[in-house]
Amino acid sequence: MHPDLSVEISGLSLTTPLIAASGTFGYGTEYRDVVDYSALGAIVVKGLYLNPRPGCPPPRIWETPSGMLNAIGLQEIGVARFIEEKLPELRGLGPAILVNICGSTLEEYGELARILNDVEGVSGIEINISCPNVKEGGILFGCDPDLAARVTEIVRAGTRLPVIPKLSPNVTDIAAVARRVESAGADALSLINTIPAMAIDVETRRPRLANVVGGLSGPAIRPIAVRLVYQTAQAVKIPVIGMGGIATAADALEFIIAGARAVQIGTMNFVDPSVWSRTLAGLEDYCRRHRLSSISELTGTLRAEGAMPSGW
Amino acid sequence: MKRDERAVLVERRALSPDAQLLFFESPTLSTSFLPGQFTMLRAQGEGLLLRRPYSICSAEPDKSRFSLLVKVVGQGTRALAELPLGEDVYCLGPLGTFFQPPAEGRQAIIVAGGVGIAPFLCFCESLAQQGMIAQVLLGGRRAHDLYLKDDFLRLGMEVACATEDGSHGHRGVVTDLLPELLDRFERAQLYSCGPSGMLRRVAEMAAQRDVPHQVSIERRMGCGMGCCLGCVVFTRRPEEAEAEGEYRRACTEGPVFEAEEILWERDPYPL
Amino acid sequence: MHPDLSVEISGLSLTTPLIAASGTFGYGTEYRDVVDYSALGAIVVKGLYLNPRPGCPPPRIWETPSGMLNAIGLQEIGVARFIEEKLPELRGLGPAILVNICGSTLEEYGELARILNDVEGVSGIEINISCPNVKEGGILFGCDPDLAARVTEIVRAGTRLPVIPKLSPNVTDIAAVARRVESAGADALSLINTIPAMAIDVETRRPRLANVVGGLSGPAIRPIAVRLVYQTAQAVKIPVIGMGGIATAADALEFIIAGARAVQIGTMNFVDPSVWSRTLAGLEDYCRRHRLSSISELTGTLRAEGAMPSGW
Amino acid sequence: MKRDERAVLVERRALSPDAQLLFFESPTLSTSFLPGQFTMLRAQGEGLLLRRPYSICSAEPDKSRFSLLVKVVGQGTRALAELPLGEDVYCLGPLGTFFQPPAEGRQAIIVAGGVGIAPFLCFCESLAQQGMIAQVLLGGRRAHDLYLKDDFLRLGMEVACATEDGSHGHRGVVTDLLPELLDRFERAQLYSCGPSGMLRRVAEMAAQRDVPHQVSIERRMGCGMGCCLGCVVFTRRPEEAEAEGEYRRACTEGPVFEAEEILWERDPYPL
């Protein structure tokens, strides 16, 4: 018997638990020649604001031990051009389409939610709350539980689509933020976004990124991401989508066992576009070996009995 | 069509103490690329995360072979230079834009430095097939950095060289040789690839004399597929208003750009 | 001419800017056979409480991509046995001795400071504030700026030795914590402690660490640590000691250029005990090539002009 | 004295599809260790961070050679198994405690399974030099897991084997063979190394019959030098009160412990 690899996330049915992470899969069509799209349950498109944005100057990326830094500055084409130019081609490809939205103000998030609400082919909204709030000196919405909740409320009010705030790892207490956005009406949560980090060219004494600070992604951050997913899944009742450095089925399973219903893959798709089919095959094999009729049975099944987590 | 294709290292040829030509065999890449395009790959076990971009240097389609010119500058290039014969790598490609042959009646002038020489070997192969002879200017620190000089000569190209230490050809930078050629060929088409200082100098001369100029730009690349937006170059197309322009992707809208579209002052230290 | 590699940290003179990180160099003598101690400016000994502690059950460590997880649970012998049994041997070895202190209550930190104040051979106190506060449900002192400041005050009141709070990376705003402990009387700051993280054995569905969550260290965290040191050094006037995944002179230089006066090495000493002499030689070579008469000139010299850090 | 010493791989001998004996040459390690001690190393370019612990298996001090028995279970052991001859590794050692020879009049009985066989080859070499003959019980899944059987025989040891599939010797676990030997030798000294289930079974039998038992314990290790406290085993020494005991380091107070000091129930799943 085939194990059931489909998952359901607050009304959103996905054929597989594998989702392309925002900002790493463009507007969804770029990898058509080399990725097996039938392995993808959904695609989250590059973060969109209301209007196009130029992004940061180069250099924008740098490789670090088992990770990569990026400071793209959310270069994007604006929601209108996305709907007009990109979405039609994307709709026919199979995976569900989730739109990652960004705002400089609370109002911008609300406006984006209303615009996307009626657009054919959009299955859900992921809210990128790791954006600077221009009205409050650039503090990231996601680093303040109140602001994170208000962004969620305003998006919730603007749309009937599933609303998925994407949490920033850069907070003292992720469970507190998770609970706040859950009460504010989130249907699910996704995490983690990249971790603020930097590198320096010591010969020139310049930062490796023109923006000085960027976001760290890739296998280096996986143990941090698994911990944050575990803490979040224990704090909320809504489904959690986990990500951070997934490269293999075993990595995806770590997130699922820690509490994720589905997972996203970003950086490792750059390294190896066969990651999707390899990972899906690995999940299927695991379900068979462990006699699971559905991958969903595995969510949150960490055997932490007897363990007494304390300081270390 | 882009593929991520297994390629087996079948031969290597040393070019200098730190550069070599690596020959790979793979099913389709040798027949599916155009000169100027590149591929992304990493050698197994090199301990790095991201693939690295390499221009396709030459191809023997009948043998399903292509070559890459690799100069060791860090861990990824070192691992490739040390890859044992018979080992395989996965090559994602062909990627990016390519050099357009010169318009009817224009003389091709190529200015290349260091590993920027790589994409021009296959380009000159295709020019030769069409009966064209390019003027090839090669630059480097020392004589041994003038990679593939003899290969260009064998293809019937006219080659002139410059080295910083004067160990071969003109002592100085390769762009010193350009004015004379531009005087000689009134209707020229310039091509360049190499260190960014060189590219900018060529672009200035081309602009002064209003000579069309295709330039291949190097950037750090995360994906090669147009998705990470890590590889951008600030460009303004003729149809875009004065104040406008945008960051375009060296892996997708490039690496070969029309030089006049590039706003060089927007990248103070791009690598 | 020899460049001057000695550094001065609020009255503490170190012969080199390289310091062995707490918990990775035991009580200081273990590496005597294989490490060139003349390359070390100081040794921070394993975290000490007032009384001995048994530590967590095994498994206590796990390797992750370019990193390691540990949950030792602060197994230690108590301050009295340290002074009696370990210190005499350690005193003769050359490097300055810093004691890393831990407390379950505010009072315990104060008591340790008073005890160490008069002990011959102890040159300073590093305060490990990443310890659970037993009186407040186990929250780590270091995750609450108020508590972090109160710990610093109480230690400050108990000793004339230089007091160096060691900051936890697991906070939303490190600059805020840094400024609070600076006002509370810290002489210098050290950072970063390990980042909370976890890994799972998917075949058994058990955590890789008996404690479930542990601390991530090693090269994987370096870009995060450099960023935190940069932000901290810009927020305070007191010297900063940087650490996190340093493996080479270039890595140490990143921290120094980002704002550190000295650096600590932990995990990479396990991997390669020659890291000390290699790194010191690399620093000397760098100073020569860049015509620096003293390594201290390099602190905080990042050329970030023109950069406009914003979101990414 | 502990050293971090360069060792060159000079020979390899396959023992089974996934195990081999690797011979290294290095200045002092072959003459400075005692049987039961280990060394920590990593193969270059294996992509791992931490070194891995390996027991020293045998030594030829006159040739400055020692051997390690390596079974491939993951990335680190695979890299070592694939290390080309002539390559070097840095070996930190000798580390840890060692097997004490049996007290006067006691018969040495060794129970070893899998890679737990490794430390006993040099131990038996030293027993043989002192004119002693140990009873060696080797266990494994199949015949080919009974590593080094012939080497023990060549040293004059008495060897008996058990395999789970019955392909060589007794069909079953190696501890099945122990009661008979303990009946035969009233004054015995037990030694064991191998899977933790086996060690616990031997320890129970030893305790029942009050036979001294030295056991070598495997733990994940971060440093091997006593500094990370990652490798602990819960032990209670005779002088410690009933309720007491503490976590001791397998790299420093071990890997060889007196079995009676170990509180097995404190490690439900230690690796």
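Letters A, B, C and D mark the chains in the order given here, with residues in each chain numbered from 1 onward.
Operating definition for what follows: a contact is a pair of C-beta atoms (placed from the backbone, for glycine too) under 8 Å apart; a residue touches a chain by one contact, two chains touch by 3 or more.
What you are looking at is a predicted structure, and each value in this text was computed from that prediction instead of being measured.
Q: So which chains are sitting against chain B and chain D at once?
A: Touching chain B as well as chain D, we find no chain at all.
Q: Give me the chains shared as neighbours by chain A and chain C.
A: none
Q: Measuring between Cα centroids, which chain is at the maximum distance from chain D?
A: B
Q: Mind checking the centre-to-centre distance between chain C and chain D? Centres are C-alpha means, answer in whole Å.
A: Spacing between the chain centres: roughly 36 Å.
Q: Using mean CA coordinates as chain centres, what's the chain B-chain C distance in Å?
A: 47
Q: When you check chain A against every other chain, which residues touch at least two of them?
A: Correct list: 66-67, 70, 72, 204, 206, 218-219.
Q: So which stretches of chain B touch two or more other chains?
A: 268
Q: Which part of chain B faces chain A closely enough to touch in the complex?
A: Of all residues in chain B, those touching chain A are 1-4, 42, 48-51, 90, 92, 219-223, 225-234, 246-247, 266-271.
Q: What residues on chain A touch chain C, complex-wise?
A: 56, 64-67, 69-74, 130-132, 138, 140, 143, 170-173, 194-200, 202, 204-207, 210-216, 218-224, 226-227, 230, 245, 250, 253-254, 257-258, 286, 301-304, 307-312
Q: Under the stated contact criterion, what part of chain C meets chain D in this complex?
A: Result: residues 23-26, 30-31, 33-34, 46, 54-55, 57-63, 66-68, 70, 72, 75, 204, 206, 218-219, 267, 269-274 of chain C touch chain D.
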